[in-house]
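Once you scroll down, you'll see the structures, which are given as structure tokens.
Two complexes, one shared chain (subunit A), two partners (subunit B, subunit C).
Coming up: the complex of A and B.
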């Protein structure tokens, strides 16, 4: 036994008594946990499966490298049939869907030719007879904002080459009046058709050519680099977008002609990608999902594997509780608004993009993208404090994704339901804000947290499972 | 409906640049300025020009590298004032100081990521949350002392079982005292360093041994002989030697001390243990390389002072005279009944065991058998009584009597007022964590108790001259108040029993 340092949690007088003996003391700033969670926290704490399960979950997540292997229509890679619509967040029906999700579904129905005028789609979805809604997450996919995916949309295909598992995400449309923010005007549909006719097939040809010549694109590697270039990969994807363009541009030029596209199409596509700072978000998201899915379904693990919002509900899934969603009302972000828009115009939080925070980037990596914190009028020290605060609720640090300004500390990875309940610290999410009314589009951007009550819900389910297991063992 | 009269001001600033986030902030700040109806400060990108057009602003021909300042003002507002607000908002603000300070850790797990590899964790949060914090420590491979009480026994077993797999030691729950390499945790005395180690399922029992061995070490050193002293005192929690827990932490502590080359002798102290656990412990102790002295309290077993004497004997020393001060204060018993009022549970146990042999059954709130129980509302009955004020039932919603002596002092006054009271037996425990000057609170209560008639007040004062309170100063205050002060609780008890025995 060597000269100890002492960590104290609880009464200050004991810390003082130790400090009075000239011994180093680290004091925990302990506060009571979320109300009513004490017994569940203790049950989960002593669940003998938990430490190993969480270790395995973290290792699985950190072990995944996401590669871009293909670009293809959702009908091919997801088996999506006409009338089937994917959406962001936990399951929801048209009756409870928010404005932006309804707007995106209406635009999607028009894109697929189910209706001529998007407004006519309201009746279609109200009847529900020939259409069905399903979360992206249930099909290994993720979608930003409304996250609506229809059969004709082209998807990024990412693969974990060790296991062969794949995840999918649509191509990013840019900012402003776009389908994912619930806009469905003619310019939205025109852009989507161009993406289906030109951008998607061209990216497919380019990606396949890159894969054939030099192997698939290491998306996890791009994330590693962009996190050191001022991006946090949720609300800021500038460096990532340009690195992707760097990797794909030669093949777009080289294979464009073979695929039947002229120089004008190639130039237009490159301009579109380079002019859209968020283009890489749709690769960051499925890369995060690919990693987190590796941590799913480990009995006893308290790690969050998905956070997602459908504009009405905020839901989380946890490794130790399978596919169950724990949901509560989605909150409105605190942030800055475009033009005349204000908080009353904003819809509640929406999108699968919180998968980035779930994987330890986005709001969790705020320290590496200080510009983002100014969305709520914060300062650079706020950004550093946010990332440090997220370490309080996470299980590990990601050695690949490091933050230079924090001495290259790894990003906080693996949200632990128990630590959220213990500290009351909620995951910090950077997000865009959609207009409340269908068709409006983006109204701002800001910061948001999940509704607190979903964490005690998930904890209760984990505690039930722990008690059942322990009862089973003692029989 | 009348529309208020307004005016627009739009200007382009070539070569000015700020990122879009900054400009959104600037716009918001300017919107809040007096006389401003709405404002948009933005780079003249296509998207922003659309937004400006949507707001009804007329923007002149521009390039995306121009900054547009578009203001809509009340008709009587001053454009220059509004532009000043724009300029002010465009100046970046910097925090003045202290903002980069790192916030303290919120969980034990987080603290352990920041602390040394050998850090010991001391948990004193409410019992309902203690297990969670302790698990953090064990999971990270650290030893943990759990001062908290009211931890369910099933959680204690789970913690200790998991700790055994990880080679970590769980001291507690309800562990009041530990000394690790001379550093006291919880209620602990400062003692001479040495080569003895204690394993204690009892806080005040541990402190009694610390005090006695410290005194013996001083006396030996005064004779020019190698002093004895205590290197470690590892608490294990009062329930560790119960049937439910089965000595899990005691076993880990013994395993660890057996391999410590700086430990010559291990002493195990406990409140009365479960017999089968005591038997198993005795067998395991036999198998260790390091000699183990078992000081397990119980009927027919040795008292703590006898254990200390056996330890000294085993190390080849003769025990010193245990000090007594103020014996002149004490006259004959003033009544037939003995009143023991304790802050230390193990000291109370020890005295009860001795008194039961001399006087027969003793009523108590921690009775030796259930039929002798006292309830908190009625601690004074027409029989010999011994009360542990540190018991859970008497500390609910209040601090431990080592910190807040109110309850015991009240009971002391009640006992003194009872004509049947013949002798009052008290303890007082010094050390880290205890009240800074406990004698200052107890001495006036003793004086008051002896005001009307000279009731003998016998005090076992457990502490050392190295303790923050100073043993001699505390002792003098008690003696001056009329008490007879012992270092040995067994000696104090024996003295009280003699006085009661001699009462006619």
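Coming up: the complex of A and C.
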């Protein structure tokens, strides 16, 4: 005879009392589904494709190893032409763009020499005649915060060696007054020009030398180590940055000289990387995108393959619904502010960096990075609880990304639209906060979720597809 | 009227029941004191000097910041002369030395050119006529595992800038077949000669350049960061090593060339450091000694200022009893073994590295490094419980060394001989394990405690001093 098991919903004291009598108690945090989703949940639940499709989607994502194979200008590897600008999040025009995105576009226009003074770029973008905006995601790229990419910017090139697929991300500029937070002052442009003239070419030489001598750098493997070193790889990338520096520094010494850079350039580049704990974020992000892209376009799959914000809209894409974006208003994060800044100074959520949470790290792995609460707010128990809660809305645990303090449990991976709608639990993102006004830069960091309504939207599209397929079968 | 508080000893169910009624419960893990210590505990308890002395000792320890100020040969900074050998732990002669200590001494003799073949050094040490052994601790130094230091070895030089006091440690060789684990084959000596010819001088040039340009490297500060990055700074020094590399790499590029080293030497040295996750241990250890030495020689203080093992004896020194060593037989660690090695292959506990636990990190900070259980054994809950348990035998929490997952509680610092004797809780050390046979090298890593009897020994000496002082006062 098996032991009795008691399932209790809500009645905590009853559960305690039963547990005190040595009976196994399954505590279920049951909540009603999101309003209006019952019929769509039912339609998707009976879609016979769903279990297999989600299994294939998750296996595809978990099977990808991201390798750093090159560093090269966006003009070369993304085919970006003068006047073409990439940005974070779902599609948006200048008219609806927020302050930080506008600021980054203005700085980008000056960097490319389209205008001398960034302020003059306002007219350029308002006219829209010689410039165009496009999401990073539409060119296999991701960009943190404003995510603006211009043709002359140098990009990390990551590759899934099994399939040859590649993803891309710009080089990280550091914190404070930086383009991705919407700042565009002279110091921002000077730094970007140095990155274009020295850092980018030097990293290209070093990366190519490492690839030739010992093979490409295993970025997914660095992420494995980071998660054992207090990084969650969204707002803490300290250990990742140090491991990247470890892997590239010896080659920077040798190949830097070959590429015509002197010891001063090499030492300055090492200081720049080592002095910016977020440097590795721009490798973590395309590594996550590379994995998630493997799970795209699987009919019937309810797995989220991208979460991204442009500072105005928060958008998600789902495996079973192709390239469609489901969007709603981006929220303002709740968190901690730099200096005298406060909530009124913060722009709404912005950036492609929520690709980390989509892949199961970042906010989803906060349990492994409790020190992050000093940056983004909240308490250590909150951080542990967040990771546990994200397991309720995800399809799998990632065995390569484990959380030591949770006894090496894999990170919660593969957000399931149906689970989000059924539980009302929203994905937890931790994020930097940009100032609302173009030119300000970073004002803080905090915690944020997507707008709830985009999940029922996505569910409705999945349900429509399920009903159509079902109707097709019964013809 | 204040709320009732209930103190329960042992009766867990009663405590639960009372807590269920919303009464504050103080759960006390009471155990009887170590046998035979009652009278000495009573004598020390009434020593009026004790509270102030322990407060002064702890404050002195917590007040020290260790800075890396130089790298130089032991002959220069320790005055070591040909034939003089330092070793880990309390004093010992060749006759009682264990296999790994003998192996390291044999290799050291060959390194110094006293013999051509390490095997020939056995006769040299047996005769004892032209060689002498002395603990590292007696020369302000510490050495991991066998801890053998010879005149030509290059040493890290750490300084307490406030007092000018300095401590020293050799450069870490890596893992496996290395001198400190008792190996002395040709590959060991080749590596040590490269370290003497290239790595040491290059690190000297880089360190001196950093000191001149931006001031000495704050080793205590790196320890603060490490503890937020999954290192406990005894058997995990991965983040510490990477931060050290970050801090020295740019200067290695510039000053390396000035010191006559080419890019190949610089790149090879960076690879050596980056490829050895334990490299920083040899900075963590002298940083801990520098702090603890500040708490020495305070009459009436019951704080342990050193724990050290020579592979045969485990010894402690206590603030209130000067340079006296209290020793007992070193235990064999319980842990995980490399390859086909097993418990029978392991030597007893060896090394000065327990200075980390003495200062409140290493085994005392295992809660912050749960991934270490994969190296030393045990479970993640054990690791968390160990740190909590060490708070029961320590005098203070170190506010600079905090453990995020324990809600930023400071590490348990300042082992109190009276608390150890009163509770029977022994300090928890995590450690590498050397092979018993000279020449073998590392066989595993695990968990170990000091032999219990050395604490009652130390307590008896403290009690004698307390009684003498009391007798002096009543004259």
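Going forward, the second predicted complex is superposed on the first by the 444 of 475 C-alpha atoms of A that agree within 3 Å, B and C clash if a C-alpha of one lies under 4 Å from a C-alpha of the other, contacts with A are read in each partner's own complex, and residues count from 1 in each chain.
One rule holds for everything that comes next: a residue touches a chain if its C-beta (ideal position, glycine included) is under 8 Å from a C-beta of that chain, and two chains touch if they have at least 3 such contacts.
These figures come from a predicted structure and were not determined experimentally.
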| item | value |
| --- | --- |
| Which of subunit B and subunit C A:36 touches, first, second, both or neither | neither |
| Partner chain(s) touched by A:371 [first = subunit B, second = subunit C, both, neither] | both |
| Between subunit B and subunit C, more extensive residue contact with subunit A | B |
| Which superposed partner A:128 touches (first subunit B, second subunit C, both, neither) | neither |
| Touching partner for A:379 - first (subunit B), second (subunit C), both, neither | both |
| Which superposed partner A:338 touches (first subunit B, second subunit C, both, neither) | first |
| Subunit B versus subunit C as contact partner of A:423, first or second or both or neither | first |
| Which of subunit B and subunit C A:63 touches, first, second, both or neither | neither |
| Partner chain(s) touched by A:271 [first = subunit B, second = subunit C, both, neither] | second |
| Overlapping contact positions on subunit A, where the subunit C interface meets the subunit B interface | 20, 371, 379-381, 384 |
| Subunit A-facing residues of subunit C, complex | 16, 20, 225, 228-231, 238-239, 242-243, 245-247, 249-251, 253-254, 257, 263-264, 266-268, 270-271, 274, 370-371, 373, 379-381, 384, 404-408 |
| In the complex, subunit B residues that touch subunit A | 19, 21-22, 24-25, 27-28, 38, 40, 47, 50-52, 54-55, 93-95, 99-100, 102-116, 118-126, 128-129, 131-133, 135, 137, 139, 142, 147-148, 152, 155, 158-159, 162, 180-181, 183-186, 190, 232, 256, 260, 403, 432-433, 468 |
| Touching residues (chain side subunit A, partner subunit B) in the complex | 1-11, 13-15, 17-18, 20-21, 23-24, 26-33, 38-39, 41-42, 45-46, 48, 51, 175-176, 336-340, 371-372, 374-375, 377, 379-382, 384-385, 388-389, 391-392, 418-419, 422-423, 425, 444-445 |
